[in-house]
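Handing you this structure, nothing more for now.
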Amino acid sequence: MTATEHLGAAVGLGDDQLLAMYRMVALARAIDERMWILNRAGRVPFVISGQGHEGAQVGIVSALRPGLDWMVPYYRSIAAVLTFGMSPREIMLAQYAKASDPSSGGRQMPGHYGGAAYNILSSSSPVATQILHAAGIALAAQIRGTGQVAITFMGEGSSNQGDVHEGLNFAAIHHLPMILVVENNGYAISVPSVKELALPDVAARAAGYGIPGVIVDGADVLGAYRVAREAVERARTGGGPTLIEAKVTRLTPHSSDDQQTKYRTAEELAAERARDPLPRFREQLATAGILTPEIEGRLATEIAGLVDDATSYAESQPDPDPASATWYVYAEDRPATGGGAG
Amino acid sequence: MAIRTFLEAIRDTLGEEMRRDPSIIVLGEDVGVKGGVFLVTDGLHAEFGETRVIDTPLTESMIVGTSIGAAANGLRPVAEIQFADFIFPAFNQIVSEAARMRYRSNNAFGCPITIRAPYGGGVHGALYHSQSVEAFFTHVPGLKVIVPSTPYDAKGLLRSAIRDDDPVLFFEHKKMYRSVRGDVPDGEYTVPIGRAAVTRVGTRVTVVAYGLMAHYALEAAERVAEEGISVEVVDLRTLRPLDRETLLGSVRKTGKCLVVYEDNRFGGYGAEIAAIVAEEAFDYLDGPVMRVAGPDVPGVPYNHVLEDWFMVNPEKIAEGIRTLAAY
Amino acid sequence: MTATEHLGAAVGLGDDQLLAMYRMVALARAIDERMWILNRAGRVPFVISGQGHEGAQVGIVSALRPGLDWMVPYYRSIAAVLTFGMSPREIMLAQYAKASDPSSGGRQMPGHYGGAAYNILSSSSPVATQILHAAGIALAAQIRGTGQVAITFMGEGSSNQGDVHEGLNFAAIHHLPMILVVENNGYAISVPSVKELALPDVAARAAGYGIPGVIVDGADVLGAYRVAREAVERARTGGGPTLIEAKVTRLTPHSSDDQQTKYRTAEELAAERARDPLPRFREQLATAGILTPEIEGRLATEIAGLVDDATSYAESQPDPDPASATWYVYAEDRPATGGGAG
Amino acid sequence: MAIRTFLEAIRDTLGEEMRRDPSIIVLGEDVGVKGGVFLVTDGLHAEFGETRVIDTPLTESMIVGTSIGAAANGLRPVAEIQFADFIFPAFNQIVSEAARMRYRSNNAFGCPITIRAPYGGGVHGALYHSQSVEAFFTHVPGLKVIVPSTPYDAKGLLRSAIRDDDPVLFFEHKKMYRSVRGDVPDGEYTVPIGRAAVTRVGTRVTVVAYGLMAHYALEAAERVAEEGISVEVVDLRTLRPLDRETLLGSVRKTGKCLVVYEDNRFGGYGAEIAAIVAEEAFDYLDGPVMRVAGPDVPGVPYNHVLEDWFMVNPEKIAEGIRTLAAY
């Protein structure tokens, strides 16, 4: 048995799947980096991104069934929505706020992902509200017997909102097929974890609802996959919700409007680089002989092409028509020609 | 045709709609075995079971938030907020989420939920069991707001609300539950959302009202009729979207408009009615648009002496009509 | 050493204090029973009461320092506010909603206790909001260095509201001198505990905030006193908040508007009678020789007198003047003559 | 006298008041080391320390709820809600608790808290970083609501708000933070709550506005002045309590009133202004009370094309003035 077989075997994944996951992490990173370049070049006014969070997102979402399951993402969920089926072009259409942006038709700020084609529910800005939407989706799945699992994501700062308490309690009472992923990057904008949370671990709260609370190193893609697979299995078989806390690092400022050097030291920022999931996963797969230099080169080329394509495609697409601004306040507000986006 | 109380009309509708459409669920505090604190959902739990009639924890944000999610995944939730006064913990979910789901997703997702809540004073409920909260929601694009005043309308409008593809707030005046009765046809019928009703035809003054005040307006009209003042009463029934045609048609005819609402006067729903009339019927007005509304104190006080002081009643409305008619 | 000394010694209380506590439990019960009689006789339109909760309330509040500490009560807190200093007359003034009612001047429904003279903050109807007020009081105590402790009370159903999560988290982060007492009577109106809570014990949630969560039998007055004394000591010495869960029984319907036989069986109601703290405490003190038949008789007479006095006093007091209805919307809205209630 | 930006005037006031009164604390998300996302509280943490400048968890209900409690126990909290859009999780604490504390306790307790929040659109903030939320609060007896438009007023009114014994909401248009400058005197001064300002004297049309719209109203007045239309501009400054005298005095003089607000039109704050004018100045009006306001869609869309479509601007106001003047 080779090292290769070992790495995948432990979590039941073949080499192709491992490479697909690596590709996702790398793709998400590449798109994300491009966003910042576009922002600094004055092409897009706002960026909020998931650099440092991609490993956890790809690992976790790989355990779901796209097309069946549901996701309610948050603004750092680029890797999550990509893994669930969204295309780089669709991400960039949101970034440029174009008429054909599937998330919102250019109505929302970038980072507010959604897509009916992927069972990705539209997300808003007020944090933590989405846990209740995920609980409701899971309730409907349970009542309708669809076998679906609903997964939702948020930061550790957001996990302190009242809605999280109400959502976990309800999901636990009814053993709903729901998974809450808290991506703990240690900050809510500038507020460090010690001022947001009484304990370092959000997962410690799960016991209060009688549900599993699992902590995973977010730079450990396969570890994240493993805990998610267990949570999905539990949810799908009536075992109820799981709280997964992924310890991640925020490699960028909070958003393009933030200056993180004001509240994080240079040393801290440098040290945090060591928690980047991308080089870690790359090395893991390389050591296992799965990611050869040749494959890596091929992937890099493919990804660069995808990002270029997504960028130029999105940039070339039309802005929304001002006449469309009154559409879809209510179901009956449609373009005179019928049809429309949804 | 049968005579039903306001409450029975609502309860009947819930049962009939649930029988028709298995995707409808009812959820809220005490809606199950107890049948709700006013017994509006009485019997539903026995008939439809606890999967479709869900006693939730005491958490309004959760009631609305999970309704939004459930609606996205194929159900049609009818949520009950035990008292309109307790809708505020769910304010963020209603205003930021339910109201904007369709718009923000560019029609990718809708939010077909109905939120029922008993509102209103005059029942010794004090500051927190008497409120009129409609103005907080009628201001919000994306929401529809209904305040019926008769069993007939309650049934026809609740059916429309449940079948509507957007979030609807349905406010039921708790004082009317058992005190108001009326004819309700046997078959399935709907009253369209967005249509007011002229409940009394008259010539000199238009009184615009809704909910309990629609009844008090009729009583007041009766009183002043004896004094020779002919009053037309418009019962708005749906507050958002507003039926401008019926409203403006009546005022253009009478030339005088009195807006009546139970809620605090300043910034209440009636302010928008007055503003619309003042702008769009200006040339027809031969008197100021006047308002009779609740005083600007933070709630209906409990002691009956103070409660009586607070509440709008037929006599206060009649006084308003007299003043306006004499203008 | 006699049995008498033993009973008090274990919790550091003398016989007089034990008798004072017993008197409070019995007094609260007697006032409460009178309320229901007045309601059934059509004298007061509404009653909400604390029968079955008095033991826990008296035990816990006896550990506080009236005049220094703060309380934010809820609608079942009759015994709590009495123990903290309110008089039977003041309770009855609220019940009758008279002008001189210190809780609200007859503006609020009965059961919404408050009193500036006792550091009892005015309470409202929307449940659970009060935990944040208690946290704020405790924050001010900490900042101002007053040495005060803030205690607040609510039911287990209310403990599921988002505000409780936000309040416990904040209090725990800042080690605030706050105590949350959850009086778990197994029902939120008609909804049984299994549909309100994922676990039987609300106290299990405390660990998620890194604070002590203590369960006490609410019929065990001295047990309640003991855990409260520890919590007060902890709070006063910078040790932070405590969540105390008292397992109590609701001996009455939810309120005078409720019919509990619709959702509780006759057997359950009969069995619950065994959890009444009043006979249990009486027997405990009698067995210990502290509560002699003679003392008991004297107390009964005194209490009956107090209840009669409170009732007739309150009934004789004037209703609020309708002209006062516009006072105190803002600080500047005062009676023309100056003065006023506060 | 010094020239300060709108933002600096607010920041200066916080510092000066905190120096004067040790019972004042500032709390909110990121208000500490970072100095707030707009840097309004920049420097306060360094000067007053973390006991008086508190970086809270990301929980708005807690921010307001603990402020209420802290105020009861001797502090004067100045809470920041990071964006007005995120005030809704605190809605219950503001409307049910803060607003009613004094009334419900019959004056036994007050609630001296100030809640600051940046509001408003035109900054590419989309649905959730652009909202005008004042109408939800101006309707609530027990609250005071201030929307200043100049550095001078911001300073004088914030000082009054902090010293006020009741809960005050203080909304700051985020687009004005750095773009609006003005004279601010050196000494301690206050602007009284509840007084509007006539910021331009004119004869033919009264334009009523507040916040950013007060500036746009002046720009619009300038444009139409060239066309010979003399406009009086009333900057309300305090929305609740409203300065009826200044408002009605101006309209009685000009006979025409245009109400301008950025928020969604239906049920917005301007509806109450229109209703009051229509009722109390009826005999003086020689044209309908008109409104220029945001369209009735659930939020300011993000794409600049849509955002421009949404926003009220000087030209839209000028158009409204022309229409009304020609009436």
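When the chains are written out, they are named A, B, C and D in that same order, and each has its own residue count from 1.
The criterion applied here is as follows: a contact is a pair of C-beta atoms (placed from the backbone, for glycine too) under 8 Å apart; a residue touches a chain by one contact, two chains touch by 3 or more.
All figures in this text were calculated on a predicted structure; none of them were measured in a lab.
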Greatest separation from chain B - chain, by CA centre: A
Interface with more contacting C-beta pairs, comparing A-B to A-D: A-B
Rounded Å distance between chain A and chain C, as computed from the means of their C-alpha atoms: 46
Where chain B and chain D are represented by their mean Cα positions, the distance between them in whole Å: 30
Cα-centroid distance, chain A relative to chain B, in whole angstrom: 41
Chain centre separation in whole Å, for chain D relative to chain A (CA means): 37
Junction residues of chain A - those touching two or more other chains: 104, 106-108, 112, 124, 126, 160-163, 166, 169, 173, 195-197, 329
Per-residue overlap in chain D, given as positions that touch at least 2 other chains: 56-57, 59, 61, 85, 88-89, 92, 96, 100, 103-104, 127-128, 141-142, 296-299
Chain C residues within the chain D interface of the complex: 70, 72, 101-108, 112, 114-116, 121-122, 124, 126, 129, 131-141, 143-144, 146, 148, 150, 162-163, 166-167, 169-170, 173, 327-331, 334, 340-342
In the complex, chain D residues that touch chain A: 29-30, 32-35, 37, 55-59, 61, 85-86, 88-89, 124-129, 295-299, 301-306, 308-310
Chain D residues touching chain C - in the complex, by the definition given at the top: 25, 51-52, 56-57, 59, 61-62, 64-75, 77, 89, 92-93, 96-97, 100-110, 141-142, 144, 164-166, 241
In the complex with chain B, residue positions of chain D that touch it: 85, 88-89, 91-92, 95-96, 99-100, 103-104, 127-128, 135-136, 138-142, 240, 242, 264, 266-272, 274-275, 277-280, 282-283, 285, 287-291, 296-299
Chain A partner contacts - residues on chain C that touch it in the complex: 160-166, 169, 172-173, 194-199, 204-211
